[in-house]
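One chain, subunit A, links the two complexes that follow: it is found with subunit B in the first and with subunit C in the second.
The block that comes next holds the complex of A and B.
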């Protein structure tokens, strides 16, 4: 079932657009590209490829350049599409109405790291892995780790999450402040270094997750954490999916502060065993755990978790305490999407992103598993189950309309099921272009409020038009 | 005064006893905890159903009448100060706890439910509601959401915004909206975060789903003494820098501990220049390990003595001093003003030294108590309003402190909100471009500016001299409540 709602935009006036393109190529030289190859590359993210070409791609290097470009576009009513490294799964970066793609990948400075205050400030083009490398040796880390090596600007814009969210939260909890270029090209700073402030509306959180529709994020102040004294990872395999999910639910209800709990169903486990050579494991529903804290706390948490797992038919824990062993496990987990894709080479993957209250998680996953079986499609399940969030990567043949329709139908039913169970169709990937209709279903009247905010902050609808909020 | 036709249309929406216009009835609502400002509202509405709230707002919207929502009236920045030409909408009758779901660890409550009442109701399931503003025995959850209330435990457990899942509210035009959802992350714009801390300017809250937290098996507090205030400040950074996230991390200087000791006998060391209270909670094993680490860091930071509570009674006694700091200062000073600023944690020693300097310069004593882990200061400037020029000097002293907060990269209000108290001064903190964005958000919800007019959304320059609560002869508003 294709989306029925859209967030309308309009193509810019051809003459105005041509002027903008000329002006940008004059001002930015090689940093303003109009070649087909570069525009192609910036026409889509990952996942469902709903490509749409921008008219020009600009590579700004400072806040002022971004502001100048946006002012130009604002005056000419030309769409602006912020772009990080294009790992979005929901069509966030497609230039549906043409316009200027703002590629922020040249804004890669880590501006400051304040060890004493546990925070840092980075430019929007810094990637997750680059930040990890910069923090190496400081005793600090940034916990949000989506599967892709995304930029922090993109992660903030889509309110990304990852495997650590159950303990450390998502981008919502970990962005302290932003520098944003508004739709009129004003540079504003939101939030700040102070841990609390009750001054003014929470623009930081409004912009985080707005998917580039309210402004361009150019700098991000991030919360950092001390690397825990002890870290242990463990793997536990279950005879059935219900056992694994029930173990997670019970652990959450007991308040065990597990840093990571990831579920991989048998199909996903099969994919990961092949793709990441995890030969020591069986093709069974599996939980990956990680525990953070003092040595005593880690031992205690792990002990409690083992008891719960055993009571639900879990195997003995297989431990990974050495950093290299842990890295191997988590690398395999992060590569789950690519591993799933490798199950059927040549197919496309369509990722779903349901998130439900933890008490409904078992129902939702079990029903979904049965639904997959009926469709006959291959769709591995992987999930940040401690948060009630799980993904399917539905594999389908893009040249076969019937299969594509079946895949879209399955994805749509997953969204509806999650909403029916009091959850959401998107725990972390965002709305983009794919989920506009379910947003309306899920949020009802609040969509009207979102629409009013969009109109107030971007009256000409130039910021990433066609996404996030149905207009 | 309301136009009589409008007034009778509004009165018709409610039972007679729920629509107050007589002077003697509206007087009780003339101020909140910010008693410096008093205004009699044109009328007070006491609805008890959402349908009544909708009807009142719709009517007020049509007639362009201002509406100010009010919970328990414990706010300190004038968020519930009435509008003389408007309706004061009290949510006091929305007192029901609608549901507690131990599996999802959430509670659905009406906005007039007291903060502490949620924890009391959840206790049977081993759960509690974590944010704990000091006025928690009286303040309501609706007000907590409107002000994004904090508390001693928010260092570890987050502010209100981190502990609320879903808010149901009514917009000024009478439409109802649900912000957030029951799952962890709701898609689209984060309207839930926008409502938190919006000080009643965007919507009237009619229902709140809060997150509940499993009660820790054990909590212990360590009291550390320091012979130098700056060193205590450095110890705060050292604790956080060591990767410890204590359940509470509070600091008091000697002026504060002396005032407290004479009042509640919390057994504080009187020779120390400053004390830290550091709480750890969790399972007994976690607390033991964390406490050992806390003691090690405190000792390495130059603590002259460290005492750890051995039982719950002692823990509560140690906290009683901190919670009673404000009334205690009220006993020894004729008047005091309370400031509320937040600074980056590592600037604590520098800021404390400067406050001490100011104290000499202005010739006024100052007691410092604060949520040190968050860098949230509450200096109490003591003076006597009957002595010529002392009040002016106290104001200038307060202004200097707030300017200092901004100078070191902090903010002029950590947790009490802007209200009317700091409205004109917010511009030091925000540039016109930033204010334009705030105003854009306000206009999206309430284009005629009818909800809580004149509050929170900052306009122009100069920051200081405002964030204060004036207390004369210890006459604290709601003196029965623990503060800050």
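The block that comes next holds the complex of A and C.
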């Protein structure tokens, strides 16, 4: 029996690995790829480049196929790296020790849509935009919208969120149940259709956000919501950042159920004005709002929000009520990352992900902006302000080691600052490989407990080894 | 935390682990009836009390596990906030720790989230006496495994809760309660039809041929929703929902009587109404069915019915616990549960058998 992958940096036994690759190419034919191009494609996500190639990429089409592949890898002690469409930002999918990349992008069936129960069941490879399209006409929608067109499997694995989290929650609150292939290759179902998840321990929430280190998510039962009868979007600009953040704090206090509240700092706004041609706006800290509900509720929420914003130095609201106008605004918001990148063509960008108590948010951003100024780097800021979560996209020249080091130093200080202010280094992007050191600072002894959970559920350390809590 | 109480507990846990004698973790004892029979030497959590941190601006409260739930709710109400999941007290001594360990939520749960959705972080002692903190005090945190939520509903079998951070919500500005006369099947048809609509729902209850609906939120939205739902104003107002939450409603009084068993069936909301052999009270827009049965009733048909509708059946009060309180787990899931239990509590001393025999 080949040895367990216990030591960091150890590749699987060469002979056992070769046998697995042979077996997979026999069993899956063209659905098991060993070409350099395909392995390259599956060696990294987005964000900081840190590619590591898998030895083979397999494209399973069913739970049973996933289970068979994992059983094979379990017996041979070969790593299994689940892969959706590769949009994770923290090195989640790099095959650090080689092994089998399990590309779930051919598992794209929407298995059930239960309109009256407000839920659906999808295979892991269904993307966010595919689900949107399939739900069109049902009167339902799924609110979690990370910037990328990620797969629902990847979104569950990383506990993703997005711009709607204040009102609708994150993947944590919206996954009702999972089908998971365990590290031993058994298919289990956690949770269920009932609102109160299954009897026993909450395995669903343990596996949501475990970044593929405890098992392979193959199906997801998702909570759906009625499409709001009325939707209204608005933009409000502020003289300073504190005014914008204080307005949001007060809105949360009043329980105004704003669906989206997004902050863009002056640098980001400048980028978006240029990139998305938002010429009607000024280069100022800006809030994007969206209100959902009945016509009466939307009018009331918007009126209250407008009064609060005005009291904090906000400009008059600029409304977007027609769908095409709203889409233009939110498209610009979702393109913020690319807009930021376009500020300095040829640079690379990587994102930070601090989340702090909302009362510290303005402090944290102001301190961070001073820090950015000292480094001389360009780093636009967007924030999911209602949650206290904000991102820098730090631009740097990858060919200049000093600049890369400055960028990494800045990102690290943002994480430390968030932890010092009672928050976390990651509100939604996850740990992957990039934040392992900060996780230890943030959680101390608890990381050891997470490690023992990992050992208990994946005794041979084959599930996405080296990520989240490396053994 | 160098609290003397915690130091004392650490010693007791280490002693218990060394001797293999189980500890029965208990706050106010208001939920002693729930789950399998508690066994072991008492570890009273009420000395570890007090609110550690609460700034209403944050919408987050952190308190020690032994803090009375009533105190938490009073402090929140003074600031115009609430625990939106409406945890049942089931007695004057209910503690915050017991609330999270039991994982029970009240009438507002489908609309505002369950206790597990609102737990942001926990601090615990594991079965070795090691103090551990998971999650935090911020709204979103994806740093590592979500162990804080794993503690929720684990009935103290994975650790002794020391401190909990919870998300709070502003109290609704307006509350209106409506009543419609209808049978159970019609009630389910109505509530399922409303689910996707912006109706400011904050509780539903069908019993005795009446559907009572609570609406809460901003006044104009509530008024618009009331007009759309129809029916008439319910004269008793919100008191009905308080009586559901605390199970002081006459339905529960009868179901809790001698020779009776109260069953709790969590199912998908569209599960059709079925005669399961006793009176039913339906909450959560159809997702929760309470059933008043003879204490000796066979659990198998109930469990099969609940499972066939995406859920599970729990023997909530009374009846024969020997047949199991919670829906049995299949072999693979039970294996995972055993591994998690062994991981947190290798000697199996914390609330032994309270959730499942052998866990």
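Rule of thumb we're sticking to: the second predicted complex is superposed on the first by the 460 of 471 C-alpha atoms of A that agree within 3 Å, B and C clash if a C-alpha of one lies under 4 Å from a C-alpha of the other, contacts with A are read in each partner's own complex, and residues count from 1 in each chain.
What we mean here is this: a contact is a pair of C-beta atoms (placed from the backbone, for glycine too) under 8 Å apart; a residue touches a chain by one contact, two chains touch by 3 or more.
Remember, predicted model here, so these are calculated numbers, not experimental data.
With subunit A as the common reference, subunit B cannot sit beside subunit C without a clash.
Contacts of A:64 after superposition on the shared chain: neither subunit B nor subunit C is touched. By the document's definition of touching, neither partner reaches A:129: not subunit B, not subunit C.
Applying the stated contact rule after C-alpha superposition, one finds that A:158 touches subunit C and leaves subunit B untouched. Once chain A of one complex is fitted onto chain A of the other, the partner contacts of A:40 are absent, as it touches neither subunit B nor subunit C. In the superposed model, A:228 makes contact with both subunit B and subunit C. Legend: residue contacts after superposition of the two complexes on their common chain; A:112 is shown touching neither subunit B nor subunit C.
Residue contacts after overlaying the shared chain place A:457 against subunit B and subunit C alike. Common to the subunit B-facing and subunit C-facing surfaces of subunit A are residues 114-118, 139, 159, 161, 165, 169-170, 172-173, 182, 186, 188, 190, 192-196, 198-203, 205-206, 208-210, 214, 225-229, 249, 253-255, 257, 293-294, 296-297, 299-300, 355-359, 387-389, 422-428, 430-431, 435, 439, 442-447, 449-450, 452-457, 468-469. Listed in rising order, the residues of subunit A touching subunit C in the complex are 114-119, 139-140, 158-159, 161, 165, 169-170, 172-173, 182, 186, 188, 190, 192-196, 198-203, 205-206, 208-210, 214, 224-229, 249, 252-255, 257, 292-294, 296-297, 299-301, 355-359, 384, 386-389, 422-431, 435, 438-439, 442-447, 449-450, 452-457, 468-469. Subunit C contributes residues 55-60, 105, 109-110, 113-114, 116-117, 126, 130-134, 136-147, 149-150, 152-154, 158, 169-173, 192-193, 195-198, 200, 217-218, 220-221, 223-225, 266-270, 284, 287-288, 306, 309-312, 314, 326-327, 329, 332-333, 336-337, 339-340, 342-344, 355-356 to its touches with subunit A in the complex. Of all residues in subunit A, those touching subunit B in their complex are 114-118, 139, 159, 161, 165, 169-170, 172-173, 182, 186-190, 192-206, 208-210, 214, 225-229, 249, 253-255, 257, 293-297, 299-300, 355-359, 387-389, 418, 422-428, 430-431, 435, 439, 442-450, 452-457, 468-469. Interface residues of subunit B facing subunit A in the complex, by the touch rule stated above, are 101-106, 147-148, 150, 154-155, 158-159, 161-162, 171, 175-179, 181-191, 193-194, 196-198, 202, 213-214, 237, 240-243, 282-283, 285-286, 288-290, 293, 342-346, 371, 374-376, 409-418, 422, 426, 429-431, 433-434, 436-438, 440-445, 456-458.
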